[in-house]
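Chain naming follows the written order as A, B, C and D, and within any one chain the residues start at number 1.
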Amino acid sequence: MSPRILLESRDLVKRFGGITATDHVTFSLPEGARHALIGPNGAGKTTFINLLSGVLTPTSGEIFLDGANVTHWSARKRAHAGLARTFQINQLFADLTPIETLMLTIAEREGEGSSWWRPVGARTDFVDEAVALLAQLGISDIAHARVGQLAYGKQRLLEIAVALAQKPKVLLLDEPAAGVPEHEREQILDVVAALPKDVALILIEHDMHLVFRFAKSISVLVNGGLFVEGTPDEIANDPRVRQVYLGEEEVHV
Amino acid sequence: MLTILLDGIAYGMLLFILAVGLCVTLGLMNFINLAHGTFAMAGGYLTITLMQKAGVPFLLCLPAAFIFAAALGLVLERTLYRHLYDKTHLDQVLFSIGLVFISIAMVDYAYGANQQIVNLPDYLTGRFSFLGASIGVYRVFVIAICGLLVVSLQLALTMTRFGSRLRAAVDDGRVARGMGIDVTRIFAVTFAVGSGLAGLGGALGTGIISFDPTFPLKYMIYFLIVISVGGTTTITGPFLAAILLGVADVAGKYYVPAVGGFIIYTIMVVVLIVRPQGLFARAAAK
Amino acid sequence: MSNITSPSPEAMRARAVLLGRSRWGVAEIIFWILAVACYWLFPTKLSLLSEIAILGLVALSVDLVLGYAGIVTLGQGAFFGIGAYAAGLAAKFGMGTSLWSDPVIGLFIGGGVAAVIGFATSFLVLRGSDMTRLMVTLGVALIVDEVVNQMKWLTGGSDGLQGVLPSAVLGIWEFDLFGRVAFVYSLVVLFVLFVIARALVKSPFGLSLQAIKGNMLRTRAIGMPVNARLVAVYTVAAFYAGVAGALAAQTTQFASPDYVAFHRSADAMLMLVFGGAGHLYGGLLGSIIFRTMQDVLGNITPQYWQFWLGVTLVALVLFVRGGILGLLDNMLAAWRRKGGAS
Amino acid sequence: MFRRQILKSIGVAGLALATGVSAACAQEVVKVGLILPMTGPSASTGRQIEAGARLWMAQNGSTVAGKKIELIIKDDTGAADQSKRLATELVVNDKVAFLGGFGLTPLALSVGPVATQAKVPAVIMAAGTSTIVASSPYFVRTSFTLPQNTAPMAQWSAANGIKTVVTLVSDYGPGLDSEKAFKAEFEAKGGKVLESLRAPLMNPEFAAFLQKAKDLKPDALFLFVPSGQGASLMKQVGERELAKSGIKIIGTGDVTDDDQLNGMGDALIGMITSHNYSAAHDSPENKAYVAAFLKANNNMRPNFMSVGGFDGMAAIYKALEKTKGDTDGTKLVEAMKGLAWVSPRGPMSIDPATRDVTQNVYVREVKKVDGQLYNVEFATIANVKGSN
């Protein structure tokens, strides 16, 4: 039977005054998907992610998460329903430490966020899970440093760790490797590749090398509209995509 | 009834002149200067001193108060305020409360704690009846002067180059800087002019309101109400808000004295919740 | 997530570090021993010390809201005043005999009424920027001030509340003239509420407040009910300020409009920032220094103590980042970096 | 050995400091603690009372019945919780035998419980609400009460063709006291109070209230505001031209306070007030008092608050003489009851039943006397009781 659709948008529109940032996008993300979302700058990729994650409310159209109509759910409710995301610009807690950030996220996930009597760390199972996540992301060495003083690359990894700590069904990665120096990009690639199979992934990325290595399916967004969708091979050889976006550069698949 | 309305308008106009400087500086640099009242007090006490000690005619005191308060504003801005633009709102609030405490103590030391009064020149006192209601000459004088100031302010903003650059900087500081407008210099000038206007308002106020060392604290609340209701993106917003506040305050004290102060504070809180950017201002896109 | 049977060294170290956050440090214990020792060290200054303990409690309530949750408020003085009047009225109608005027009951009445009003007004503080929150809290405080002045039949208006007769604390210790009972009573109440606040701040709830202050966007993305947390902390802070007001009314057997005046909120915020917001002890340290300075300077130049208060405030904002405790933190961090310790 | 060591280091040191040492020197020196608003809105009251008290000591020496009198002045900035704390410290730390001062009613009321608990006589030298003295058996008053000063004004108004009156008072204890007293006395004499207006005590703006009074067109407008606010009130009365529209301006002497009267301008001439003291009071004691006061306070004119301080010290000295220096609080209060002497204001006495002041109250008119404005007394109502 066909894999379960975890995330779906129907005829999604978002207008800012006169500008149509998202133009009737219908899109579905099956379980275990490794989907890339590409398109020239200003194509509306981040707006689309913000609509899916509830940071923005759509002008019209609907969004479904694991079958439930979440169009009017707040970002908070969607997070609890299993939708997590990273941000293009790091959105972390500067005064906390990575271990504290993960402990907080896990506590919120388990409904322990408002327990006010027992100290942070009383739940040793949370601590172990947080430590394991840091290890998985290879940032155990900075577990107790102030997030505000971490290197940019480490912060990008922490963004992914926080998203994972939410045990999401769907994970939206907004340019995870953006601004990361060359030698550290490999580390992020490995981490993204090693993400658990049952999580459906959408990756927004400009680095074609990473997109074609990672994605099993690709959508191309142009001027807010869904231009074309298909496997990496189809997209790489599609003349229209080449003309609109890839330019003349030769692509080795 | 007409008397109360006119008293309210005069009071409202006075509040506008006192508060306009603060509206623009808040809109321009997003700087919360709770100490704006000290410049008004400076103008007021200067007038009191000149008239009581030096016998300077009242009309001469007005420009003197403007210049003195503007100079004070310029000096303070260049020395102290400059370091606070990038600080948090909390720091700005604490800094300005500090200034208020300093000014209260200094005036208390120099002039003593009780209310100062000024004996206005004869041609400005007395009342005349108009449409059956008795109108204070001084009230009309205040309305005239403030009306003149409002018109000239509006013209300065819309017609002059400085005005257009100021409005651009208020709308979006970053873009304005991008276009080469020296926003900090504009701010320094606006801050000085705003303080000067407050000083002038203080001088005019000696005829209507009472001056004592706690003036900046007492009137800070009125300024905040004018800003919250009027918004900071236009001049007409605070003007209408000041008039509304002036009339509501005077009428409130006349008709429902028990509830008087209650009305204006409730208006402030309600407007802040319903339209945080102000009753009259368009939704600020900042 | 594979279930790790025996915890890895990193996990053990992480548990140690996290639990270390809430262990009572040596400095903390010394602080409280000194506080208790004041009873013998300054027998003639006990009423001043009670006032310091009460001001410390108000500063602590501002710290919960401002230091941890990042809400700028100029209205905590209103809850202090509400608590004072509620407890004062309870003591007055209890006529020093019935249950109502028992001080400990009075604390809960004062704190409770303040918490109810805090809860009701907390929704006003959820939206808006620092500026709107500042003005909304100030507006609420002014309305409370106006109500206290107008309801003369209940609050005694500008003359203040007469006939506040709290009975003996727990029926045992009568408020004596020397202020001994008042001091011990205030200090015990401060300590109990401090311990609760300390647990609250070190708990996941406290961590979520710091997260809200840090980055609102991310807190929503990880599914945190931000508004519920802000309402909760604002109500708890109102309770704390209300209890402080009740203490003030009981120890001075009086309540006047001056208890709801603007300077109460301004002083509380000043003490907190002076000591260092977000350090829990900032408020206590700030109130000790602030009130002692006021007392010392006040005797020298009664009128102009406000001048020196203003100067300290301006200097504080220009030169000192994060108050005294902030300064100590930076020095400690610098020393640790230089010393290459951990 | 070890146990004694602990006792010595902790317990004894504290106790000795608190009680033992200072008790010994109480015999020779009798301390009088005055709690006055030296700063804040009623700073002028504090300044006047201090000057009056110091003048009495300068004229009568600083020893009474073999005891040296030491005056301690504390500033409560007009805040009631400060007055209470200072009173407690004066009683506990300084071991004062007398408390005194209290610039406003709330300040006096907050000190009541301390005086009662510590059994220390508290001499009220300013606060005027009638109910204060009853609130503590240790209160004695040498200033005045509002009903005492207001009733004669009502009697004079009724007797001089004033039929309808609007009252405007400050919205606090003394204000409401005088409003009630005026209304009772005036309506008893057949007059009619059209409306009782109240202006807020702190930061008052009188314009709206005066306009309302003017619109009601009464025969007279009765005014009461605390000492220090008279000047700005009368300026706005002049500005509103109430007198010109046929309304007679009357009030208690607090409005035409000698401390500010001269600066209020000639618009005041002709205003009728009633009060217990005027600097222009025609008596040899007052002439000497005013001359000495002007000299001692670089031409600051004494007002009714200063005589409150002056006579307060008089009561303290006379009480000590009666008890031959015994500083037992209850005996001192008993000694004060029934005291009578001639003060610069005129004959006065302490009513044995109520411990309140009984004194003459005068009706006066503002006149220009050799270049200065004075309240010239023209009618006397003798021995008006403070409170009944």
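A few points about this structure:
Rule of thumb we're sticking to: contacts are C-beta pairs under 8 Å (C-beta built on N, C-alpha and C of every residue); 3 or more make two chains touch, one makes a residue touch a chain.
Everything numeric in this text was worked out from a predicted model, so none of it was measured.
Relative to chain B, the most remote chain by averaged C-alpha coordinates is A.
Counting C-beta pairs in contact, the chain pair with the highest total is A-C.
Relative to the centroid of every protein C-alpha atom shown, the closest chain centre, again from C-alpha atoms, is found for C.
Each chain gets a centre from the mean of its Cα atoms; for chain A and chain C, those two points are 41 Å apart. With each centre defined as the average position of its C-alpha atoms, the distance from chain B to chain C rounds to 34 Å. Multi-chain contact residues of chain B (touching two or more other chains): 108, 113, 261.
Shown for chain C are the residues that touch two or more other chains, namely 303. The set of chain D residues touching two or more other chains comprises 39, 200. Every pair of chains meeting the touch criterion is listed here: A-C, B-C, B-D, C-D. Residue ranges on chain A touching chain C, taken from their complex, read 53, 55, 74-77, 79-80, 84-85, 87, 91-96, 99-101, 103-105, 107-109, 112-122, 124, 127-132, 134-135, 140, 143-144, 162, 165-166. Of all residues in chain C, only 40, 43-44, 47-48, 51, 149, 152, 157-160, 162, 177-179, 248, 252-254, 256-259, 298, 302-303 touch chain D in the complex they form. Across the complex, chain D meets chain C through its residues 10, 13-14, 17-18, 38-39, 75, 77, 79-81, 84-85, 88-89, 91-93, 105-106, 109-110, 113-114, 117-118, 129, 135, 171-173, 200-202.
Those residues of chain B whose C-beta lies close enough to touch chain C in the complex are 26, 32, 80, 83-84, 87-91, 93-95, 97-106, 108-109, 113, 217, 221, 224, 227-228, 258-259, 261-262, 265-266, 268-269, 272-273, 276.
Against chain D, in their complex, chain B makes its touches with residues 3-4, 7, 108, 112-115, 117, 119, 125-127, 134, 136, 138, 208-210, 212, 214, 218, 250-251, 253-254, 257, 261.
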